[in-house]
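In the two complexes below, chain A is the common chain; its partner is chain B in one and chain C in the other.
What follows is the complex of A and B.
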């Protein structure tokens, strides 16, 4: 049997004047994990969406098992045993997770027009069991699931097609430490059966660790395909950016460094079933990292501090103003901000333009004495933000929903970071963002820290927490287990030990 | 590795809230019964309540499918009034009997709904605008047709004298329950409904899953308009008179079902939507019945309460949507 499972030959795709893919050719071997690396907007997701039939190429051909493969829809791709977990797709919130898993193919389980849900449930459980992935709650509504569960649901949905080739488009960045380990085990099991994975991730350490080969794209062009034995994260980074990136993008000092003044004080914060009795002090110029396993409650802590959890008890104060923080309004008024992990649902106005998304949080600052806004001032600010954050868009009037995942995140983050803030809660700020922007974001955060910004950095990525934080609060079983200092035992092994 | 804990916690919580909703509903009925001097839940009045619940429930089921695709179509009322008038015309005046009444009403309701949908989908007109415009057109066309019928002598008022068995008990109650069963089966166990909800709430997911959006929308329009048409048949069989409307008067018949669907939406996480519509139709009928029993006349404060109920139901329904979803 030919060792090549899938090949792409001279694929090109344009959107107007933007050339998303230009003559891309690559081969995927059987039982291989093939990484696709590239900056935001480099054409990775476009290529993946062509492979799985969401879009059609302008030219070029694809072959699976040596036969011409030309899917017009994702269903056709599924029939050819190709499936994908799409980066920005999500689930239908009003349907049950079970129905979501088989959406588009529920007819298979219908008899006399009525769908047999029990049979579907049996099939769903078989999929979870077969691949060793944890079962998400199948009843209720999918909108009640956490992002992590939704991602696993999307993975399970892709697996219902029994694929030979599965594309994982930035799935791991939504997952916590333990679930990532489960994902890696799944990939191992999947490839051991001669099936292949195309993995798109901005976590280059993960890419080198998990993938066998890596193809690097830049501006829609394939730069190189190499075995990971020849690569390290720095080499991939340099190929992606097209220039040499010197050194690490995390901070290099080994000691916590912040002012004595307390900005935020939390006492016994509790949200039933989510977390209990969390107390901490966040100082001026401090980055306080928050880590924990998937169900530890770290993301709930962020939304609770911002005032989105109605059942929150305990005390939370902005010390400089003496304000008790009960609602998002209190946070905004005390020069605070919150960046949700789920940017599409809670961060951005997807149908609105980049201009409106960036201008909105700054509107009050930009309004004149009579309260009227100056369009020219707003445009000037938005153009400056778009330029400095290198947001790739046709113009500032482009709808935010049409941006790539990374560029959406840039819009989401940039609009807050341009404001005069006292403190910010960042929940996975570099989720779906490429290395170049990641470095830029870290740089901005560190600069802001030096200017006295207090940062609560909630993250699923231990290297990020270790690389950026002065202290790290570790949550386990909804409780704060410890707070580690940068100058103390600050290592991945130590945090993993406490987390697990 | 199964996260059993989460599943158990979710279903226990759901069951608890379901029980609380049913207890709450029961207590509310008891309070209503008490404030009406023990008249609300008397056997003869329960018959009234059922009769008043049937038509709004049918319209609610119709809306569940038509609005489910994301189309807020305000022409449903004008559509059903037009179709039922033609149904009465063929049944009573052309002598086609029950066949004419049911067949004509259903066929016309389906055709008119499709015309509205077609305009909204093909011409990409916002559905509420297309709906309002078509409501005006259907109302005017019907008035023009009726006005030109020589035997009506310009009264614009058709009467269904015979063929009214579907408007009597127990047929009405039977149809009410049957509509609930059919709506439940269609809504929970058919590919159409799953695809419809995907198209209505997440069009991108629907496309990526290979769902044919247009086909789904048009099929849902057929199903929804059949419910609307059958509801209209039951209603005319009960009232015996078909009144044409003008100047968007047809929209007023949508308020009760709108309140019903909003209320059903607000508890949809705990009680499935068809059952929610069924219970809501009964509850809203109870509210109006209570008002009547307390001497509040139709055309006065009853309409005030209807408006207030629509707003309250909308608020309750949106409370769910505003909840932070993680």
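What follows is the complex of A and C.
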């Protein structure tokens, strides 16, 4: 049998004057994990969506198992055993996870116009079992699921098509450490059966670890396809950007470095069923990382500190002002800020302009007597923010949803950092952004740290926590297990050991 | 930049061109009677309460809510104000009405934010319950507004001054305060506002209070125009206000596209439409049907225009951001 499962020949696709894909040719071998690397806007997602039938190419052909393959819809792609997990969340929130899983193929379970849900459930369980992925709660509404569950649900949905080629677009960014391990195990199992995976990820360490072959795209052009044995993250990064990035983007010092003064003091913080008895002190100029498995409660800790969890007990103080922090308002008044993990749902107003998004949290400081907001003052601030944080946009009236992921996150972060802050809670600040913006964000966080900002950095990515933190708090089973120091045992292995 | 300008112009142009069309059409059909001094005054009289109440309701609409308690609220606050004015003093007309409106708005806002009942449901219940209250208080009687205050409030200078003062206050609150920004932002993404540490509930209650107060002020003008209060006063007034807002392109889901000037296109539009048809001798029920039809057309037209032109704009923006990344 031919060793090539799938090939792309001279695919081109343009949107107006932008050439998203130019003459791209690829061959995907059987049983192989093929990585696609590139910055935001380099054309990887376009290529992926062409392969799975969401868009059609302007020219070029694709072959599967040696036969011409020309899907007009994702369902047609599914019939040809090609499936995809898309980058943006693609579940219907008001339907049950079960129905979501079989969306488009519910006909199979229909009899006399009624859908046999039990049979569907059986089928769903089979998929979870077959591939060794944990079972997502199938009842209720999909919108009630966490991002992680939704991602796994989408993976399971893709698997119901029984594909031999599955495309994973940025799936691991939303996953916690242990679920990622599960995903890798799944990929191993999948490829061992001669099936193939196309993997798109911004995490280049992960890419080198998981993929067998990597293709790098830049500005819609395929730069190179190489075996991972010849590659390392730096080489990929250089190919992606087309120039050398000097140095590492994490900090280089090996010792914790912060001032004596305590900014935030937490005593026995508890939210029932989420976490228990968390106590810590956050110092001026400190980055305190928070790590834990998916259900350890690290993200809930962030929203609880901000005051969004009504059932929170325990004490939380802003020491410099002696304020007890009970509500978001208290946090804002004590010069605090919070960035949620879910940027699009909780952070930005996507339909609104960059101007309004940046103005929103700054209105308190800008407004004068009787709440007066001067439009010119606001414009001045927004222009300053856009300029100093290098947000790439046409003008400040541009709709935020039309920005790239990295620039969206820059808007989201910069509007807080431009304020005179004492402390900030960052929940996965680099989720869904490319390496360039990632390096940029780390850079500004470190700069703010030097100026005395206290940072609570909640993250799913261990390298990020290790690379940025002075200390790392590890949560397991809803409890704080340990707090590690940068100068002590600061390694991925050590954290994984206490986390699991 | 020029495209942005063009898009904005088209969004305004759609409802504005309908207004012009309606004026021209009925001027011809009524052989100029539409624009006679008497009729213009009539149109002004009918438009003013809609504009005043609309200036309050836009706060609720722009945060994605609905307030359909207005008809009954106008009758109740108007009734209580007139009773207070006849029994005690004419100076109490506005204070009593404002108090009733504020109380109703506070109640709606409180139930909406504390018990998470959708604003449509509460204000629907309020509309029914307040109407019942009106029936209890007023019954089958008609309360006349004291003649002196009626003449004063009905005079054109008083109305114009009132509307200018209110317009200045409302424009200030809606466009130039952080509260105004928050209200519209809630319509865009309530969670984003909550996660920005803003007291969303407080903002919402305040929006309902403004809506209630403005409805009650509009109520006094309505009572002054018709002379007194009976138990059917201003029924389905709320629909008229909403129509004035939506017909001129205020988005139903609220947000930053909710603009005050649209009210000044929408409110005259529906009054002129009605007045024109009455002058042409069209029957009352047919007038209602035409009103409905015009609303659908206008909303469709505004949507069509803004969708099509904003799409072009977005595409351009995406291209731009890609180019920016590629640099």
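Basically, the second predicted complex is superposed on the first by the 452 of 500 C-alpha atoms of A that agree within 3 Å, B and C clash if a C-alpha of one lies under 4 Å from a C-alpha of the other, contacts with A are read in each partner's own complex, and residues count from 1 in each chain.
What we mean here is this: a residue touches a chain if its C-beta (ideal position, glycine included) is under 8 Å from a C-beta of that chain, and two chains touch if they have at least 3 such contacts.
The structure displayed is predicted, hence computed values, not measured ones.
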Considering only the touch criterion stated at the top, classify A:75 as touching first (chain B), second (chain C), both, or neither. first
First (chain B), second (chain C), both or neither: which does A:135 touch? first
With the two structures laid over each other on chain A, which partner does A:346 touch: chain B (first), chain C (second), both, or neither? both
After the superposition on A, what does A:91 contact: first (chain B), second (chain C), both or neither? first
Now for A:39: first (chain B), second (chain C), both, or neither, which partner does it touch? second
Counting only touches as set out at the top, which of chain B and chain C does A:273 meet: first, second, both, neither? first
Which chain A residues come up in both lists, the one for chain B and the one for chain C? 308, 345-346
Touching residues of chain A toward chain B in the complex: what are they? 54, 73-76, 78, 86, 89-95, 99, 103-104, 106-107, 110, 113-117, 128, 132-141, 143-144, 146-147, 182, 273, 295, 299-300, 303, 308-309, 342, 345-346
With touch defined as at the start, can you tell me which chain A residues reach chain C in the complex? 15-18, 20, 39-42, 219, 306, 308, 328-329, 331-332, 337-338, 340, 345-353, 356-357, 359-361, 363-364, 366-367, 370-375, 392-395, 397-399, 401-404, 406-407
Write out the stretch or stretches of chain B touching chain A in their complex. 1-3, 6-7, 9-11, 14, 185, 188-191, 194-195, 197-198, 201-202, 204-211, 268-269, 324-326
Chain C residues within the chain A interface of the complex: 1, 4, 172, 176-182, 185, 188-189, 191-199, 255-256, 310, 313-327
